[in-house]
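Chain lettering (A, B and C) follows the sequence in which the chains are written, and residue indices restart at 1 in each chain.
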(Lines give C-alpha, C1' and ligand atoms only; values in the text may rest on other atoms or scores of the structure.)
Protein backbone atom coordinates (compact mmCIF):
# COMPACT_ATOMS: atom_id res chain seq x y z
CA UNK A 1 0.00 0.00 0.00
CA UNK A 2 1.54 3.26 -1.09
CA UNK A 3 0.98 6.73 0.27
CA UNK A 4 -1.91 7.59 -2.08
CA UNK A 5 -3.73 4.40 -1.04
CA UNK A 6 -3.20 5.24 2.59
CA UNK A 7 -4.62 8.75 2.19
CA UNK A 8 -7.53 7.38 0.13
CA UNK A 9 -8.41 4.86 2.81
CA UNK A 10 -7.95 7.31 5.68
CA UNK A 11 -10.22 9.78 3.88
CA UNK A 12 -12.80 7.07 3.23
CA UNK A 13 -12.66 6.14 6.90
CA UNK A 14 -13.17 9.73 8.04
CA UNK A 15 -16.05 10.32 5.61
CA UNK A 16 -17.70 7.06 6.75
CA UNK A 17 -17.27 8.02 10.41
CA UNK A 18 -18.99 11.36 9.79
CA UNK A 19 -21.97 9.60 8.17
CA UNK A 20 -22.21 6.92 10.87
CA UNK A 21 -22.11 9.45 13.69
CA UNK A 22 -24.83 11.63 12.17
CA UNK A 23 -26.94 8.51 11.59
CA UNK A 24 -26.46 7.48 15.19
CA UNK A 25 -27.62 10.91 16.36
CA UNK A 26 -30.85 10.13 14.45
CA UNK A 27 -31.26 6.72 16.16
CA UNK A 28 -30.56 4.73 13.02
CA UNK A 29 -29.88 1.04 13.59
CA UNK A 30 -26.47 -0.50 12.87
CA UNK A 31 -27.27 -1.38 9.32
CA UNK A 32 -28.80 2.01 8.56
CA UNK A 33 -25.76 3.72 10.03
CA UNK A 34 -23.49 1.54 7.92
CA UNK A 35 -25.39 2.48 4.77
CA UNK A 36 -25.26 6.20 5.58
CA UNK A 37 -21.54 5.89 6.30
CA UNK A 38 -20.95 4.08 3.03
CA UNK A 39 -22.96 6.58 1.01
CA UNK A 40 -21.06 9.46 2.61
CA UNK A 41 -17.76 7.83 1.69
CA UNK A 42 -18.56 6.70 -1.86
CA UNK A 43 -21.50 8.90 -2.93
CA UNK A 44 -19.37 11.64 -4.48
CA UNK A 45 -17.16 9.31 -6.50
CA UNK A 46 -20.17 7.25 -7.58
CA UNK A 47 -22.01 10.32 -8.86
CA UNK A 48 -18.88 11.37 -10.72
CA UNK A 49 -18.43 7.91 -12.28
CA UNK A 50 -22.09 7.76 -13.38
CA UNK A 51 -21.73 11.17 -15.04
CA UNK A 52 -18.44 10.13 -16.69
CA UNK A 53 -20.08 6.84 -17.72
CA UNK A 54 -17.41 4.62 -16.16
CA UNK A 55 -17.82 1.75 -13.70
CA UNK A 56 -18.17 3.12 -10.16
CA UNK A 57 -14.80 2.86 -8.44
CA UNK A 58 -16.02 0.95 -5.38
CA UNK A 59 -17.36 -1.89 -7.54
CA UNK A 60 -13.84 -2.76 -8.62
CA UNK A 61 -12.42 -3.78 -5.26
CA UNK A 62 -14.01 -4.27 -1.86
CA UNK A 63 -11.76 -1.95 0.21
CA UNK A 64 -14.35 0.79 0.60
CA UNK A 65 -17.01 -1.64 1.79
CA UNK A 66 -14.58 -3.07 4.34
CA UNK A 67 -13.25 0.27 5.58
CA UNK A 68 -16.80 1.45 6.22
CA UNK A 69 -17.38 -1.75 8.20
CA UNK A 70 -14.34 -0.96 10.32
CA UNK A 71 -15.63 2.57 10.83
CA UNK A 72 -18.96 1.19 12.07
CA UNK A 73 -17.14 -1.18 14.42
CA UNK A 74 -15.05 1.69 15.81
CA UNK A 75 -18.15 3.83 16.48
CA UNK A 76 -19.90 0.89 18.19
CA UNK A 77 -16.88 0.21 20.41
CA UNK A 78 -15.88 3.76 21.27
CA UNK A 79 -19.42 5.10 21.49
CA UNK A 80 -19.85 8.38 23.31
CA UNK A 81 -16.13 8.92 23.74
CA UNK A 82 -15.77 9.49 19.99
CA UNK A 83 -15.52 13.22 20.46
CA UNK A 84 -12.02 12.82 21.94
CA UNK A 85 -10.87 12.00 18.42
CA UNK A 86 -12.66 14.87 16.70
CA UNK A 87 -9.40 16.54 15.76
CA UNK A 88 -7.99 13.37 14.25
CA UNK A 89 -11.18 12.88 12.24
CA UNK A 90 -11.01 16.46 11.03
CA UNK A 91 -7.43 15.94 9.83
CA UNK A 92 -8.31 12.70 8.01
CA UNK A 93 -11.47 14.23 6.59
CA UNK A 94 -9.66 17.27 5.26
CA UNK A 95 -6.69 15.42 3.79
CA UNK A 96 -9.13 12.92 2.28
CA UNK A 97 -11.07 15.79 0.74
CA UNK A 98 -7.92 17.15 -0.89
CA UNK A 99 -7.16 13.75 -2.37
CA UNK A 100 -10.72 13.06 -3.53
CA UNK A 101 -10.79 16.36 -5.40
CA UNK A 102 -7.54 15.58 -7.19
CA UNK A 103 -8.68 12.03 -8.05
CA UNK A 104 -11.95 13.41 -9.42
CA UNK A 105 -10.15 15.94 -11.61
CA UNK A 106 -7.67 13.43 -12.99
CA UNK A 107 -10.30 10.81 -13.75
CA UNK A 108 -12.33 13.38 -15.71
CA UNK A 109 -9.35 14.56 -17.72
CA UNK A 110 -8.51 10.93 -18.53
CA UNK A 111 -12.10 10.46 -19.70
CA UNK A 112 -11.48 13.26 -22.20
CA UNK A 113 -13.44 16.10 -20.63
CA UNK A 114 -12.27 19.73 -20.65
CA UNK A 115 -10.94 21.41 -17.53
CA UNK A 116 -14.13 23.18 -16.50
CA UNK A 117 -15.93 19.82 -16.38
CA UNK A 118 -13.03 18.30 -14.45
CA UNK A 119 -13.12 21.03 -11.82
CA UNK A 120 -16.84 20.40 -11.33
CA UNK A 121 -16.17 16.67 -11.09
CA UNK A 122 -13.51 17.32 -8.45
CA UNK A 123 -16.08 19.24 -6.45
CA UNK A 124 -18.71 16.54 -6.95
CA UNK A 125 -16.26 13.87 -5.79
CA UNK A 126 -15.47 15.81 -2.65
CA UNK A 127 -18.87 17.06 -1.63
CA UNK A 128 -21.80 15.06 -3.04
CA UNK A 129 -21.36 12.23 -0.52
CA UNK A 130 -22.08 14.67 2.29
CA UNK A 131 -25.10 16.06 0.46
CA UNK A 132 -26.66 12.60 -0.02
CA UNK A 133 -25.85 11.84 3.64
CA UNK A 134 -27.79 14.90 4.75
CA UNK A 135 -30.71 14.05 2.47
CA UNK A 136 -30.84 10.52 3.93
CA UNK A 137 -30.97 11.80 7.50
CA UNK A 138 -33.57 14.37 6.38
CA UNK A 139 -31.58 17.55 7.04
CA UNK A 140 -30.89 20.50 4.80
CA UNK A 141 -27.40 19.78 3.41
CA UNK A 142 -24.85 21.37 5.70
CA UNK A 143 -22.47 22.47 2.98
CA UNK A 144 -25.08 24.81 1.54
CA UNK A 145 -25.28 26.85 4.69
CA UNK A 146 -21.98 26.63 6.52
CA UNK A 147 -18.35 26.24 5.74
CA UNK A 148 -16.77 26.79 2.43
CA UNK A 149 -16.41 23.07 1.83
CA UNK A 150 -17.46 22.93 -1.80
CA UNK A 151 -15.75 26.20 -2.61
CA UNK A 152 -12.48 24.77 -1.27
CA UNK A 153 -12.91 21.96 -3.82
CA UNK A 154 -13.39 24.46 -6.64
CA UNK A 155 -10.38 26.47 -5.47
CA UNK A 156 -8.24 23.31 -5.55
CA UNK A 157 -9.49 22.64 -9.07
CA UNK A 158 -8.45 26.09 -10.23
CA UNK A 159 -4.99 25.64 -8.68
CA UNK A 160 -4.74 22.31 -10.52
CA UNK A 161 -5.63 24.04 -13.77
CA UNK A 162 -3.10 26.85 -13.28
CA UNK A 163 -0.29 24.43 -12.37
CA UNK A 164 -1.14 22.38 -15.43
CA UNK A 165 -1.06 25.48 -17.68
CA UNK A 166 2.31 26.41 -16.20
CA UNK A 167 3.61 22.94 -17.13
CA UNK A 168 4.37 21.86 -13.59
CA UNK A 169 5.19 18.18 -13.15
CA UNK A 170 2.06 16.05 -12.57
CA UNK A 171 3.12 15.13 -9.01
CA UNK A 172 3.70 18.76 -8.09
CA UNK A 173 0.38 19.76 -9.64
CA UNK A 174 -1.50 17.10 -7.68
CA UNK A 175 0.23 18.02 -4.45
CA UNK A 176 -0.37 21.76 -4.81
CA UNK A 177 -4.03 21.25 -5.72
CA UNK A 178 -4.69 18.92 -2.79
CA UNK A 179 -2.78 21.24 -0.49
CA UNK A 180 -4.88 24.23 -1.64
CA UNK A 181 -8.09 22.41 -0.76
CA UNK A 182 -6.74 21.43 2.64
CA UNK A 183 -5.40 24.90 3.41
CA UNK A 184 -8.55 26.73 2.39
CA UNK A 185 -10.69 24.35 4.42
CA UNK A 186 -8.50 24.65 7.52
CA UNK A 187 -8.47 28.45 7.29
CA UNK A 188 -12.25 28.54 6.82
CA UNK A 189 -12.89 26.34 9.84
CA UNK A 190 -10.28 28.01 12.06
CA UNK A 191 -11.48 31.55 11.37
CA UNK A 192 -15.16 30.63 11.02
CA UNK A 193 -15.19 32.00 7.50
CA UNK A 194 -18.28 31.41 5.47
CA UNK A 195 -19.95 32.88 2.44
CA UNK A 196 -22.69 35.41 2.99
CA UNK A 197 -26.22 34.05 3.06
CA UNK A 198 -28.27 35.01 0.07
CA UNK A 199 -31.16 37.42 0.46
CA UNK A 200 -34.07 38.07 -1.83
CA UNK A 201 -36.28 35.03 -1.81
CA UNK A 202 -38.08 35.50 1.50
CA UNK A 203 -41.32 36.62 0.02
CA UNK A 204 -41.85 34.02 -2.66
CA UNK A 205 -43.62 30.71 -2.63
CA UNK A 206 -42.17 28.80 -5.59
CA UNK B 1 -27.66 32.00 -31.49
CA UNK B 2 -30.91 30.89 -33.03
CA UNK B 3 -34.40 30.93 -31.57
CA UNK B 4 -34.20 27.45 -30.02
CA UNK B 5 -30.97 28.40 -28.25
CA UNK B 6 -32.52 31.56 -26.96
CA UNK B 7 -35.53 29.71 -25.53
CA UNK B 8 -33.25 27.03 -24.05
CA UNK B 9 -31.15 29.64 -22.29
CA UNK B 10 -34.13 31.69 -21.14
CA UNK B 11 -35.70 28.53 -19.71
CA UNK B 12 -32.46 27.56 -18.00
CA UNK B 13 -32.25 31.05 -16.54
CA UNK B 14 -35.82 30.89 -15.22
CA UNK B 15 -35.34 27.41 -13.73
CA UNK B 16 -32.09 28.54 -12.07
CA UNK B 17 -33.77 31.66 -10.67
CA UNK B 18 -36.52 29.53 -9.10
CA UNK B 19 -33.92 27.32 -7.40
CA UNK B 20 -31.80 30.23 -6.22
CA UNK B 21 -34.77 32.09 -4.74
CA UNK B 22 -36.02 29.05 -2.84
CA UNK B 23 -32.50 28.46 -1.55
CA UNK B 24 -32.25 32.05 -0.41
CA UNK B 25 -35.54 31.70 1.50
CA UNK B 26 -33.78 28.87 3.39
CA UNK B 27 -30.73 31.05 4.20
CA UNK B 28 -28.37 29.14 1.94
CA UNK B 29 -25.08 30.86 1.24
CA UNK B 30 -24.16 32.07 -2.26
CA UNK B 31 -22.50 28.87 -3.27
CA UNK B 32 -25.31 26.69 -1.94
CA UNK B 33 -27.84 28.82 -3.77
CA UNK B 34 -25.81 28.49 -6.96
CA UNK B 35 -25.76 24.72 -6.64
CA UNK B 36 -29.51 24.53 -6.01
CA UNK B 37 -30.11 26.82 -9.01
CA UNK B 38 -27.87 24.67 -11.21
CA UNK B 39 -29.51 21.42 -10.11
CA UNK B 40 -32.95 22.90 -10.78
CA UNK B 41 -31.88 23.91 -14.27
CA UNK B 42 -29.98 20.78 -15.31
CA UNK B 43 -31.32 18.04 -12.99
CA UNK B 44 -34.09 16.90 -15.31
CA UNK B 45 -31.93 16.69 -18.42
CA UNK B 46 -29.13 15.01 -16.47
CA UNK B 47 -31.47 12.31 -15.13
CA UNK B 48 -32.78 11.76 -18.66
CA UNK B 49 -29.26 11.48 -20.09
CA UNK B 50 -28.17 9.02 -17.39
CA UNK B 51 -31.22 6.84 -18.13
CA UNK B 52 -30.58 7.07 -21.88
CA UNK B 53 -26.89 6.35 -21.26
CA UNK B 54 -25.59 9.39 -23.11
CA UNK B 55 -23.20 12.10 -21.91
CA UNK B 56 -25.10 14.67 -19.82
CA UNK B 57 -25.85 17.65 -22.03
CA UNK B 58 -24.33 20.29 -19.73
CA UNK B 59 -20.93 18.56 -19.84
CA UNK B 60 -20.61 19.35 -23.54
CA UNK B 61 -20.55 23.12 -23.36
CA UNK B 62 -20.37 25.53 -20.41
CA UNK B 63 -23.44 27.69 -21.22
CA UNK B 64 -25.62 26.23 -18.48
CA UNK B 65 -22.96 26.77 -15.82
CA UNK B 66 -22.53 30.37 -16.94
CA UNK B 67 -26.26 31.16 -17.21
CA UNK B 68 -26.78 29.89 -13.65
CA UNK B 69 -23.94 32.19 -12.56
CA UNK B 70 -25.70 35.12 -14.19
CA UNK B 71 -28.94 34.11 -12.45
CA UNK B 72 -27.16 34.12 -9.08
CA UNK B 73 -25.68 37.54 -9.86
CA UNK B 74 -29.13 38.91 -10.76
CA UNK B 75 -30.66 37.63 -7.51
CA UNK B 76 -27.81 39.12 -5.47
CA UNK B 77 -28.17 42.52 -7.18
CA UNK B 78 -31.94 42.77 -7.32
CA UNK B 79 -32.56 41.14 -3.97
CA UNK B 80 -35.96 41.69 -2.43
CA UNK B 81 -37.31 43.49 -5.47
CA UNK B 82 -37.25 40.23 -7.43
CA UNK B 83 -40.99 39.81 -7.10
CA UNK B 84 -41.57 42.69 -9.54
CA UNK B 85 -40.37 40.31 -12.24
CA UNK B 86 -42.44 37.32 -11.16
CA UNK B 87 -44.55 37.47 -14.32
CA UNK B 88 -41.52 37.54 -16.56
CA UNK B 89 -40.01 34.58 -14.71
CA UNK B 90 -43.27 32.69 -15.07
CA UNK B 91 -43.27 33.29 -18.82
CA UNK B 92 -39.64 32.18 -19.21
CA UNK B 93 -40.22 29.20 -16.92
CA UNK B 94 -43.26 28.03 -18.83
CA UNK B 95 -41.82 28.50 -22.31
CA UNK B 96 -38.64 26.79 -21.10
CA UNK B 97 -40.73 23.89 -19.81
CA UNK B 98 -42.37 23.45 -23.20
CA UNK B 99 -39.00 23.37 -24.90
CA UNK B 100 -37.40 21.04 -22.35
CA UNK B 101 -40.20 18.53 -22.82
CA UNK B 102 -39.79 18.56 -26.60
CA UNK B 103 -36.00 18.24 -26.36
CA UNK B 104 -36.40 15.31 -23.95
CA UNK B 105 -38.80 13.52 -26.29
CA UNK B 106 -36.64 14.00 -29.37
CA UNK B 107 -33.45 12.90 -27.66
CA UNK B 108 -35.14 9.69 -26.51
CA UNK B 109 -36.52 8.88 -29.95
CA UNK B 110 -33.07 9.49 -31.43
CA UNK B 111 -31.65 7.07 -28.85
CA UNK B 112 -34.01 4.43 -30.26
CA UNK B 113 -36.63 4.23 -27.53
CA UNK B 114 -40.36 3.80 -28.20
CA UNK B 115 -42.82 6.64 -27.78
CA UNK B 116 -44.07 5.75 -24.31
CA UNK B 117 -40.48 5.94 -23.00
CA UNK B 118 -39.96 9.23 -24.83
CA UNK B 119 -43.04 10.78 -23.26
CA UNK B 120 -41.77 9.78 -19.82
CA UNK B 121 -38.36 11.25 -20.68
CA UNK B 122 -40.02 14.49 -21.75
CA UNK B 123 -41.70 14.64 -18.37
CA UNK B 124 -38.47 13.78 -16.54
CA UNK B 125 -36.62 16.52 -18.46
CA UNK B 126 -39.23 19.09 -17.48
CA UNK B 127 -39.92 18.20 -13.89
CA UNK B 128 -37.14 16.25 -12.16
CA UNK B 129 -34.98 19.36 -11.67
CA UNK B 130 -37.70 20.87 -9.49
CA UNK B 131 -38.06 17.64 -7.55
CA UNK B 132 -34.35 17.45 -6.73
CA UNK B 133 -34.44 21.15 -5.84
CA UNK B 134 -37.19 20.52 -3.30
CA UNK B 135 -35.36 17.51 -1.86
CA UNK B 136 -32.21 19.63 -1.43
CA UNK B 137 -34.06 22.33 0.46
CA UNK B 138 -35.80 19.62 2.50
CA UNK B 139 -39.38 20.22 1.37
CA UNK B 140 -41.95 17.80 0.01
CA UNK B 141 -41.71 18.26 -3.77
CA UNK B 142 -44.19 20.93 -4.81
CA UNK B 143 -45.24 19.30 -8.06
CA UNK B 144 -46.69 16.34 -6.19
CA UNK B 145 -49.18 18.47 -4.35
CA UNK B 146 -49.99 21.53 -6.44
CA UNK B 147 -50.21 22.48 -10.05
CA UNK B 148 -50.42 20.11 -12.89
CA UNK B 149 -46.85 20.72 -13.87
CA UNK B 150 -45.84 17.15 -14.62
CA UNK B 151 -49.18 16.34 -16.19
CA UNK B 152 -48.71 19.26 -18.61
CA UNK B 153 -45.45 17.59 -19.67
CA UNK B 154 -47.24 14.29 -20.30
CA UNK B 155 -50.00 16.08 -22.22
CA UNK B 156 -47.39 17.72 -24.45
CA UNK B 157 -45.85 14.30 -25.03
CA UNK B 158 -49.17 12.85 -26.14
CA UNK B 159 -49.71 15.78 -28.52
CA UNK B 160 -46.22 15.15 -29.92
CA UNK B 161 -47.13 11.49 -30.45
CA UNK B 162 -50.40 12.28 -32.19
CA UNK B 163 -48.83 14.88 -34.50
CA UNK B 164 -46.13 12.38 -35.36
CA UNK B 165 -48.71 9.68 -36.14
CA UNK B 166 -50.56 12.15 -38.36
CA UNK B 167 -47.31 12.78 -40.29
CA UNK B 168 -47.08 16.45 -39.43
CA UNK B 169 -43.79 18.12 -40.29
CA UNK B 170 -41.20 17.84 -37.48
CA UNK B 171 -41.19 21.60 -36.87
CA UNK B 172 -44.98 21.75 -36.60
CA UNK B 173 -44.97 18.73 -34.28
CA UNK B 174 -42.40 20.31 -32.00
CA UNK B 175 -44.22 23.62 -31.95
CA UNK B 176 -47.63 22.11 -31.21
CA UNK B 177 -46.24 19.88 -28.46
CA UNK B 178 -44.39 22.74 -26.75
CA UNK B 179 -47.42 24.95 -27.15
CA UNK B 180 -49.67 22.30 -25.53
CA UNK B 181 -47.42 22.15 -22.47
CA UNK B 182 -47.38 25.94 -22.20
CA UNK B 183 -51.12 26.30 -22.69
CA UNK B 184 -52.07 23.62 -20.18
CA UNK B 185 -49.70 25.08 -17.60
CA UNK B 186 -51.01 28.63 -18.07
CA UNK B 187 -54.64 27.49 -17.83
CA UNK B 188 -53.87 25.43 -14.71
CA UNK B 189 -52.17 28.36 -12.98
CA UNK B 190 -54.72 30.96 -14.09
CA UNK B 191 -57.77 28.97 -12.99
CA UNK B 192 -56.05 27.32 -10.00
CA UNK B 193 -56.70 23.89 -11.46
CA UNK B 194 -55.14 20.96 -9.72
CA UNK B 195 -55.65 17.24 -9.50
CA UNK B 196 -57.64 15.90 -6.56
CA UNK B 197 -55.62 14.80 -3.54
CA UNK B 198 -55.57 11.08 -3.01
CA UNK B 199 -57.37 9.59 -0.05
CA UNK B 200 -56.98 6.22 1.55
CA UNK B 201 -53.60 6.09 3.21
CA UNK B 202 -54.28 8.05 6.37
CA UNK B 203 -54.42 5.11 8.66
CA UNK B 204 -51.35 3.21 7.63
CA UNK B 205 -47.83 3.27 8.91
CA UNK B 206 -45.77 1.81 6.07
CA UNK C 1 -47.01 -15.29 -18.42
CA UNK C 2 -44.99 -17.71 -16.36
CA UNK C 3 -44.59 -17.93 -12.60
CA UNK C 4 -41.57 -15.61 -12.40
CA UNK C 5 -43.46 -12.94 -14.34
CA UNK C 6 -46.41 -13.31 -12.05
CA UNK C 7 -44.28 -12.87 -8.93
CA UNK C 8 -42.45 -9.93 -10.53
CA UNK C 9 -45.72 -8.17 -11.32
CA UNK C 10 -47.29 -8.96 -7.95
CA UNK C 11 -44.18 -7.59 -6.22
CA UNK C 12 -44.24 -4.48 -8.39
CA UNK C 13 -47.91 -4.01 -7.55
CA UNK C 14 -47.27 -4.33 -3.80
CA UNK C 15 -44.30 -1.96 -3.89
CA UNK C 16 -46.34 0.58 -5.87
CA UNK C 17 -49.25 0.29 -3.44
CA UNK C 18 -46.92 1.04 -0.50
CA UNK C 19 -45.65 4.17 -2.23
CA UNK C 20 -49.11 5.36 -3.27
CA UNK C 21 -50.55 4.91 0.21
CA UNK C 22 -47.72 6.80 1.90
CA UNK C 23 -48.11 9.57 -0.68
CA UNK C 24 -51.84 9.73 -0.01
CA UNK C 25 -51.17 10.09 3.73
CA UNK C 26 -49.17 13.20 2.76
CA UNK C 27 -52.04 14.63 0.65
CA UNK C 28 -50.26 14.17 -2.65
CA UNK C 29 -52.46 14.52 -5.71
CA UNK C 30 -53.17 11.56 -8.01
CA UNK C 31 -50.25 12.21 -10.26
CA UNK C 32 -47.82 12.74 -7.39
CA UNK C 33 -49.01 9.52 -5.78
CA UNK C 34 -48.53 7.69 -9.08
CA UNK C 35 -44.96 8.96 -9.36
CA UNK C 36 -44.14 7.97 -5.78
CA UNK C 37 -45.65 4.53 -6.40
CA UNK C 38 -43.65 4.10 -9.58
CA UNK C 39 -40.40 5.20 -7.97
CA UNK C 40 -40.99 2.79 -5.09
CA UNK C 41 -41.54 -0.06 -7.54
CA UNK C 42 -38.72 0.65 -10.00
CA UNK C 43 -36.25 2.80 -8.04
CA UNK C 44 -34.15 -0.10 -6.78
CA UNK C 45 -33.82 -1.82 -10.14
CA UNK C 46 -33.13 1.48 -11.87
CA UNK C 47 -30.31 2.35 -9.46
CA UNK C 48 -28.86 -1.14 -9.99
CA UNK C 49 -29.05 -0.81 -13.77
CA UNK C 50 -27.40 2.63 -13.74
CA UNK C 51 -24.56 1.24 -11.61
CA UNK C 52 -24.21 -1.82 -13.87
CA UNK C 53 -24.37 0.50 -16.91
CA UNK C 54 -27.24 -1.36 -18.62
CA UNK C 55 -30.54 0.03 -19.89
CA UNK C 56 -33.02 0.37 -17.01
CA UNK C 57 -35.34 -2.64 -17.06
CA UNK C 58 -38.59 -0.67 -17.08
CA UNK C 59 -37.61 1.13 -20.31
CA UNK C 60 -37.75 -2.15 -22.21
CA UNK C 61 -41.44 -2.94 -21.80
CA UNK C 62 -44.31 -0.92 -20.35
CA UNK C 63 -45.62 -3.46 -17.80
CA UNK C 64 -44.27 -1.62 -14.77
CA UNK C 65 -45.81 1.67 -15.84
CA UNK C 66 -49.16 -0.05 -16.37
CA UNK C 67 -49.11 -2.07 -13.13
CA UNK C 68 -48.45 1.11 -11.17
CA UNK C 69 -51.42 2.68 -12.92
CA UNK C 70 -53.59 -0.24 -11.82
CA UNK C 71 -52.27 0.15 -8.27
CA UNK C 72 -53.27 3.84 -8.30
CA UNK C 73 -56.71 2.92 -9.62
CA UNK C 74 -57.15 0.33 -6.86
CA UNK C 75 -56.21 2.82 -4.13
CA UNK C 76 -58.61 5.44 -5.57
CA UNK C 77 -61.47 2.92 -5.70
CA UNK C 78 -60.94 1.12 -2.40
CA UNK C 79 -59.86 4.20 -0.48
CA UNK C 80 -59.95 3.97 3.29
CA UNK C 81 -60.88 0.29 3.26
CA UNK C 82 -57.40 -0.57 1.96
CA UNK C 83 -56.27 -1.75 5.37
CA UNK C 84 -58.47 -4.86 5.04
CA UNK C 85 -55.95 -6.10 2.50
CA UNK C 86 -52.84 -5.27 4.53
CA UNK C 87 -51.97 -8.93 4.96
CA UNK C 88 -52.27 -9.63 1.24
CA UNK C 89 -50.05 -6.62 0.49
CA UNK C 90 -47.50 -7.82 3.01
CA UNK C 91 -47.40 -11.24 1.35
CA UNK C 92 -46.98 -9.75 -2.14
CA UNK C 93 -44.44 -7.24 -0.88
CA UNK C 94 -42.34 -9.89 0.81
CA UNK C 95 -42.44 -12.42 -2.02
CA UNK C 96 -41.68 -9.60 -4.43
CA UNK C 97 -38.70 -8.61 -2.29
CA UNK C 98 -37.33 -12.16 -2.45
CA UNK C 99 -37.61 -12.17 -6.22
CA UNK C 100 -36.18 -8.68 -6.69
CA UNK C 101 -33.09 -9.63 -4.68
CA UNK C 102 -32.51 -12.76 -6.78
CA UNK C 103 -33.04 -10.84 -10.03
CA UNK C 104 -30.58 -8.18 -8.87
CA UNK C 105 -27.93 -10.76 -8.01
CA UNK C 106 -28.29 -12.65 -11.29
CA UNK C 107 -28.20 -9.53 -13.43
CA UNK C 108 -24.97 -8.42 -11.72
CA UNK C 109 -23.29 -11.80 -12.18
CA UNK C 110 -24.30 -11.76 -15.84
CA UNK C 111 -22.74 -8.31 -16.14
CA UNK C 112 -19.48 -9.86 -14.98
CA UNK C 113 -19.22 -8.55 -11.44
CA UNK C 114 -17.92 -10.60 -8.49
CA UNK C 115 -20.23 -12.01 -5.85
CA UNK C 116 -19.75 -9.28 -3.25
CA UNK C 117 -20.88 -6.69 -5.78
CA UNK C 118 -23.85 -8.88 -6.76
CA UNK C 119 -24.99 -9.23 -3.15
CA UNK C 120 -24.91 -5.45 -2.79
CA UNK C 121 -26.85 -5.12 -6.04
CA UNK C 122 -29.45 -7.58 -4.75
CA UNK C 123 -29.87 -5.40 -1.69
CA UNK C 124 -30.03 -2.22 -3.78
CA UNK C 125 -32.69 -3.79 -6.03
CA UNK C 126 -34.79 -4.73 -3.02
CA UNK C 127 -34.46 -1.67 -0.85
CA UNK C 128 -33.47 1.52 -2.70
CA UNK C 129 -37.00 2.05 -4.07
CA UNK C 130 -38.29 2.40 -0.51
CA UNK C 131 -35.47 4.77 0.40
CA UNK C 132 -36.20 7.11 -2.54
CA UNK C 133 -39.92 6.90 -1.67
CA UNK C 134 -39.20 8.09 1.87
CA UNK C 135 -36.95 10.89 0.61
CA UNK C 136 -39.70 12.07 -1.76
CA UNK C 137 -42.28 12.23 1.02
CA UNK C 138 -39.69 13.95 3.22
CA UNK C 139 -39.32 11.29 5.90
CA UNK C 140 -36.22 9.64 7.31
CA UNK C 141 -36.02 6.33 5.40
CA UNK C 142 -37.89 3.70 7.38
CA UNK C 143 -35.51 0.85 6.64
CA UNK C 144 -32.73 2.62 8.49
CA UNK C 145 -34.61 2.61 11.76
CA UNK C 146 -36.99 -0.32 11.80
CA UNK C 147 -37.19 -3.79 10.43
CA UNK C 148 -34.36 -5.77 9.08
CA UNK C 149 -35.49 -5.22 5.52
CA UNK C 150 -32.12 -4.55 3.93
CA UNK C 151 -30.38 -7.12 6.07
CA UNK C 152 -32.83 -9.77 4.84
CA UNK C 153 -31.68 -8.89 1.31
CA UNK C 154 -28.04 -9.34 2.26
CA UNK C 155 -28.84 -12.63 4.01
CA UNK C 156 -30.53 -13.90 0.83
CA UNK C 157 -27.47 -12.88 -1.15
CA UNK C 158 -25.19 -14.87 1.12
CA UNK C 159 -27.46 -17.92 0.80
CA UNK C 160 -27.30 -17.49 -2.97
CA UNK C 161 -23.51 -17.41 -2.80
CA UNK C 162 -23.28 -20.52 -0.61
CA UNK C 163 -25.67 -22.51 -2.82
CA UNK C 164 -23.67 -21.47 -5.84
CA UNK C 165 -20.40 -22.55 -4.22
CA UNK C 166 -21.98 -25.91 -3.33
CA UNK C 167 -22.90 -26.34 -7.03
CA UNK C 168 -26.65 -26.46 -6.46
CA UNK C 169 -28.75 -26.22 -9.60
CA UNK C 170 -29.52 -22.62 -10.61
CA UNK C 171 -33.26 -23.05 -9.98
CA UNK C 172 -32.67 -24.47 -6.49
CA UNK C 173 -30.20 -21.67 -5.72
CA UNK C 174 -32.68 -18.99 -6.79
CA UNK C 175 -35.48 -20.57 -4.82
CA UNK C 176 -33.47 -20.98 -1.63
CA UNK C 177 -32.11 -17.43 -1.82
CA UNK C 178 -35.56 -15.90 -2.37
CA UNK C 179 -36.99 -18.10 0.34
CA UNK C 180 -34.29 -16.96 2.80
CA UNK C 181 -35.15 -13.32 2.21
CA UNK C 182 -38.86 -14.03 2.68
CA UNK C 183 -38.35 -16.14 5.80
CA UNK C 184 -36.04 -13.66 7.50
CA UNK C 185 -38.40 -10.79 6.76
CA UNK C 186 -41.46 -12.68 8.06
CA UNK C 187 -39.66 -13.71 11.25
CA UNK C 188 -38.42 -10.15 11.79
CA UNK C 189 -41.89 -8.65 11.39
CA UNK C 190 -43.69 -11.37 13.38
CA UNK C 191 -41.35 -11.19 16.37
CA UNK C 192 -40.66 -7.45 16.07
CA UNK C 193 -36.97 -8.13 15.65
CA UNK C 194 -34.79 -5.21 14.79
CA UNK C 195 -31.16 -4.28 14.96
CA UNK C 196 -30.00 -2.22 17.92
CA UNK C 197 -29.92 1.50 17.40
CA UNK C 198 -26.46 2.95 17.24
CA UNK C 199 -25.19 5.16 20.04
CA UNK C 200 -22.32 7.56 20.09
CA UNK C 201 -23.17 10.47 17.86
CA UNK C 202 -25.47 12.44 20.12
CA UNK C 203 -23.02 15.11 20.98
CA UNK C 204 -21.64 16.01 17.60
CA UNK C 205 -22.68 18.62 15.09
CA UNK C 206 -21.29 17.47 11.72
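As a convention for this text, contacts are C-beta pairs under 8 Å (C-beta built on N, C-alpha and C of every residue); 3 or more make two chains touch, one makes a residue touch a chain.
Nothing here was measured: the structure is a model prediction, and the numbers come from that model.
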Classification of the chain B:chain C interface as same or different, half of numbers criterion: different
Cα superposition of chain A on its sequence copy chain C - rotation in ° rounded to nearest 5: 120
Centroid spacing, where centroids are CA-atom means, of chain B and chain C in whole angstrom: 29
Shared interface positions of chain A, touching two or more other chains: 50, 53, 135, 138
Touching residues (chain side chain C, partner chain B) in the complex: 18, 20-33, 35-36, 46, 50, 53, 55-56, 59, 62, 65, 72, 75-76, 78-80, 82-83, 86, 135-138, 142
Touching residues on chain A, where the partner in the complex is chain B: 50-51, 53, 113, 116-117, 120, 131, 135, 138-141, 143-146, 148, 150-151, 194-204, 206
